[in-house]
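Note that subunit A is present in both complexes that follow, paired respectively with subunit B and with subunit C.
Presenting the complex of A and B:
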């Protein structure tokens, strides 16, 4: 590309102009969700019941929190957080293990705090020391997971019965508390990402780190904060699961980092930074939940979930890359 | 000096023209290079030297004109074909793989093989032979990353020479070398000349041209002005040929009343970049910072703003000493910098114009942590209109605008932050004439309102037209302060090429 362009490319559609591409990109996620639901209603009459749909969401709400954090990480150009399973495990184990010491509410908060500290370690190393995020979170993930295994010796920690525990595991106005949590957190963080200076910094840092630094954007803080936030949300994820199922093990969040990345990518957030939205990630979480439920309803063995999800992600990314190149956005 | 070699024509470039959108980079340039001569090419930045060399290397295709190499007409060629034709390029930045050995780097892309495997014995033998030819004493088994810069450059030259080139272009080869290394390089170049290779030597350092060159071609504004024997020319004449032109683009100069010093810099230094820089800019004043590429002018600007902070010295804004170690501290001290590399440090291409505009001060357009979208939009739209943003669509991604309009946004972004000192590094580079006039108007308005401007430009005519005073840097030191009355292209150029010491 030359520095001098007297005739600017049309590029991505300007706001307020409707083009086939822009309509498609806005509607593709709702369309995919509707298509999956129609498909599901053909496969099984029990699919389109409120009960089933709530259950579907309930199963993915906790990991959805980690996906929301991963959206910040991706947008600010931090690629991905591979230490999510470790922070989920820390949150879950501390939230249950500390119950007898400080009571269930404080234990839950402590779990979230410990997971946030894991995120802080990532954040400092990635944001301030400027080490590659994949390497940092791979290392911290192994380290924290190893630490959690040392703590419980490979055993299972069980929850003490408590009013708080039953509340978290139960329903509020007919909807599981986990689902409420997911949507409330998603709404708040959607506003943070789209309407606050911190959110704006994430886009700027992911879009052009050097230019952001030269524009007095706190680039190091922004990247670090995205990882602290993901640690915190992973902790919440662990606490929710542990209290819902009444027990916690170090492998409680195994594979969640990939579920989170999948939701982010399916939603259309660029893993290379600069673009993305929480609402899109929520859409990605819902699509993943529907796919896994459909697999169960069709009667395929559960491992096919990975096969189906993987295929869909590759297809989505390939089509997206093709469309982008054709419209000249890249 | 004349050796017993064939003095036929190695390269003939005739009537070469090349335009980029909005800029005519080359206009009917002729260049004839003989075998076994060192042919220097000099000219101001933007005179067309790099474009001409990129055409020779096959990176650009000329719009018009013909090229003959060793008497054979050449059609459209790509870089690989140019290389196969025997055209070798040695750039300022080296193209070596630091983790491979000297021998591997020299044969990279053309490894000798035995069956499917690399034949390491002949690899080493080839490398030794080439280095011996250049009289360079480097162990071929060393990792290139462990070599000094000068040795790496010799490896780069060996890499080019190993392909038996007939023409080798050196583009500013001494810019990162010391005196001793320059000597070594010159000896190598002399050896290459003796073996009949035609050498094109591009440099800003006229003393070097006098020393190593046989003939010199002066380029100015995309045309070749003259080709002369080096023996019959002085550096002063070269400078005159390089800059001697009528000012075709007049920049309006506002006569402003100049106030108290706003920015005062004392003995600023940063290791290996610049030392003992003292300058001041007063309210309503536009001060130029001139110097050749690599003279440290960009580094000084970045240090004052905090991008690459100074290690010694003092910065005062309106008499108050300030500590600036980051752009954030620079901004709070009232300093703004429009950086040289717009693409890398000026814009976030995917974000809309509006968000690029408010990047430095978005934290101030909020209530309860939320961005006031309406106020942001209105402020930016008003500013964009004042800057003649074209098209005036602030929601379009920054990357879709022309260079000139991107530059207006970078400038506007900082004016919105209401700085006291505005530092501009090449504010009109790669910008078309219309946008250039807009940018000069904006700078003038800022000075008129009492702001202090420090401006870097490679275009001397621009500095002379706009500035009240010009500081000149040469190799990291301040060599002259020239007031407007006595500033001419020649006086500035003489100082910048190190021929005058303050």
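Presenting the complex of A and C:
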């Protein structure tokens, strides 16, 4: 399927060009965040308190990690990783289940490793065998989630009390460790995506696969690495949540694939490859966190978040497709 | 004399995977269970194949046209819930028709997103998957609806001619009808052209957008039918009825041999794939294998087969026909030298 070959403008994202559209798109995320905060302060007096804002961020920090990985996947033209919930569950279950065997720190690392292996399977099949990413990750997610349920027999795994566990669940300088982790990882991977050869490969592969292959860009490796990275970050997401709430079960990451995708597209990263940025995805995560908090404060039932998320994905991608057609026609 | 190597054995297994799977299930079932190889087992397999079968049937023209529909499970849930929840207000039969209508409507939404708004079917139906699933949970408050008239739909699973039930007759009949359409009519043959090479189909004057819109509406209708049948025969409208059936449906279609790359496939192959997967499921249940394990092997079969198909199919961008003739040429060449 020719999903990734339509970009007439291959190579790195045209970040340096200043047009009315690009100024608007740079400002649109902060504007949306401010607008949502104003709206929230009208809805509830408790919205604009430091405690609520930190809570909002805390709730979305872990899934934000998966969204960062999904940005690499989208930029390199790999569409999306639908196995995120399965890798989150694997990371969480192993991180808690192995605690008594190897200790809390090693168990957390083991959880991240197992999730990375899930990502590796995706990466090999997508990058090297070149199977459609959606089908691969749909299948591997189904398989791994079944495997994780088999591991615990549908039950719950509880965390053993430990200094490491309470550190991860606690605060550092008044800010939750999960929030720190999200921002530090986001900053590092922002630099990786925008300033390193690996980052440039991602843009090149997503912008024009054939041309990149011809210019000796390791196209297969790049795409595979994006999925391994997403597996690793999903594992971190699972470990963070499991240690924060002190328990893990297979449905721990249900729906996270959609949160990650919508954070990516809300930030303006194209699902069809070639352009995007981690900072924009961070903006997307914050917007989603605010929207979901608003839905709770207004008193709408929880599935409304899914409805909003799905509609956002559809609208943003439709606009993206329209803009691409228009620029393509010029 | 012909030497058998692992490669040729692999090719044979992939090509005749349907028969291999069915034979393996029959042999293993006959070996582990005393009363597995009976007409009752066959009836049970065909009966239970009906629901996932309708999903898989709807998916078949979609894949032939080179598209994908990930929202079928969510559409099925919506239709199943509507079929039961509307019974008190509308009556049993009108409510069932509303269930079908919900499916068609959802198909129209997908068609609009793909054809008019030009959103890739993968992403469009991924979004409608989420929208449909959330909508079903919102409308139902997360609670399944129980039928006030539970006996109404029971006839669907009644005994019919020893190996059939009314709902398996519906499924097999629909598969045959689709086979006639796909293979025997000009519009069916045009669909293969759309999936093989869209530019060629456009230059041949085929209304590509019309065909793509059509297969999405058909897929929505089939998912609606799956939901109506499932809801009526279980007398329950569950808002999550279809959420776990997307992967089994895709797997069944792929087992049948329909390719994700488009341009190739058949509804009879899908019928075979559904029956093979159903036989495997029935065998595991008879042996007391937990349902999680079924998710594991279903996912494994799917990934294994698409990988083998991909390796056998070669690179992206070439049409299946050239690949097939290339493969045939290569085989005859090898046959000549060995």
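Just so we're on the same page, the second predicted complex is superposed on the first by the 289 of 330 C-alpha atoms of A that agree within 3 Å, B and C clash if a C-alpha of one lies under 4 Å from a C-alpha of the other, contacts with A are read in each partner's own complex, and residues count from 1 in each chain.
The rule is short, and it goes like this: a residue touches a chain if its C-beta (ideal position, glycine included) is under 8 Å from a C-beta of that chain, and two chains touch if they have at least 3 such contacts.
Note that the coordinates shown come from a computational prediction; the quantities given were computed from them, not determined experimentally.
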For this session: State whether A:314 touches subunit B only (first), subunit C only (second), both chains, or neither.
Result: second
Exercise. Which partner does A:109 reach: the first (subunit B), the second (subunit C), both, or neither?
Worked result: neither
Exercise. With the two structures laid over each other on chain A, which partner does A:140 touch: subunit B (first), subunit C (second), both, or neither?
Worked result: second
Exercise. According to the contact criterion defined above, which of subunit B and subunit C contacts more residues of subunit A?
Worked result: C
Exercise. So, does A:306 touch the first partner subunit B, the second partner subunit C, both, or neither?
Worked result: second
Problem set entry | First (subunit B), second (subunit C), both or neither touched by A:120 | neither
For this session: Once the structures are superposed on A, label A:195 by its partner contacts, choosing first (subunit B), second (subunit C), both or neither.
Result: first
For this session: In the overlay, answer first, second, both or neither for which of subunit B and subunit C A:212 touches.
Result: first
For this session: Jot down the residues of subunit A that show up as touching in both complexes, subunit B in one and subunit C in the other.
Result: 2-3
Problem set entry | Complex contact set, residues of subunit A against subunit C | 1-3, 79-80, 82, 125, 129-132, 134-136, 138-147, 149-150, 153-154, 258, 261, 271-272, 301, 303-307, 309-311, 313-314, 317-318, 321-322, 325
Problem set entry | Residues of subunit B touching subunit A in the complex | 20-23, 307, 326-328, 330-331, 337, 339, 342-352, 355, 358-360, 362-363, 366, 369-371, 373, 391, 393, 395-397, 399-405, 413, 429-432
Exercise. Taking the complex as given, what residues does subunit C use to touch subunit A?
Worked result: 66, 68, 70, 113, 117-120, 122-124, 126-131, 133-135, 137-138, 141-142, 246-247, 250-251, 260-262, 290, 292-296, 298-300, 302-303, 306-307, 310-311, 315-317
Seminar exercise, completed: The residues of subunit A that touch subunit B in their complex are 2-12, 14-16, 191, 195-197, 200-201, 203-204, 207-208, 210-218, 274-275
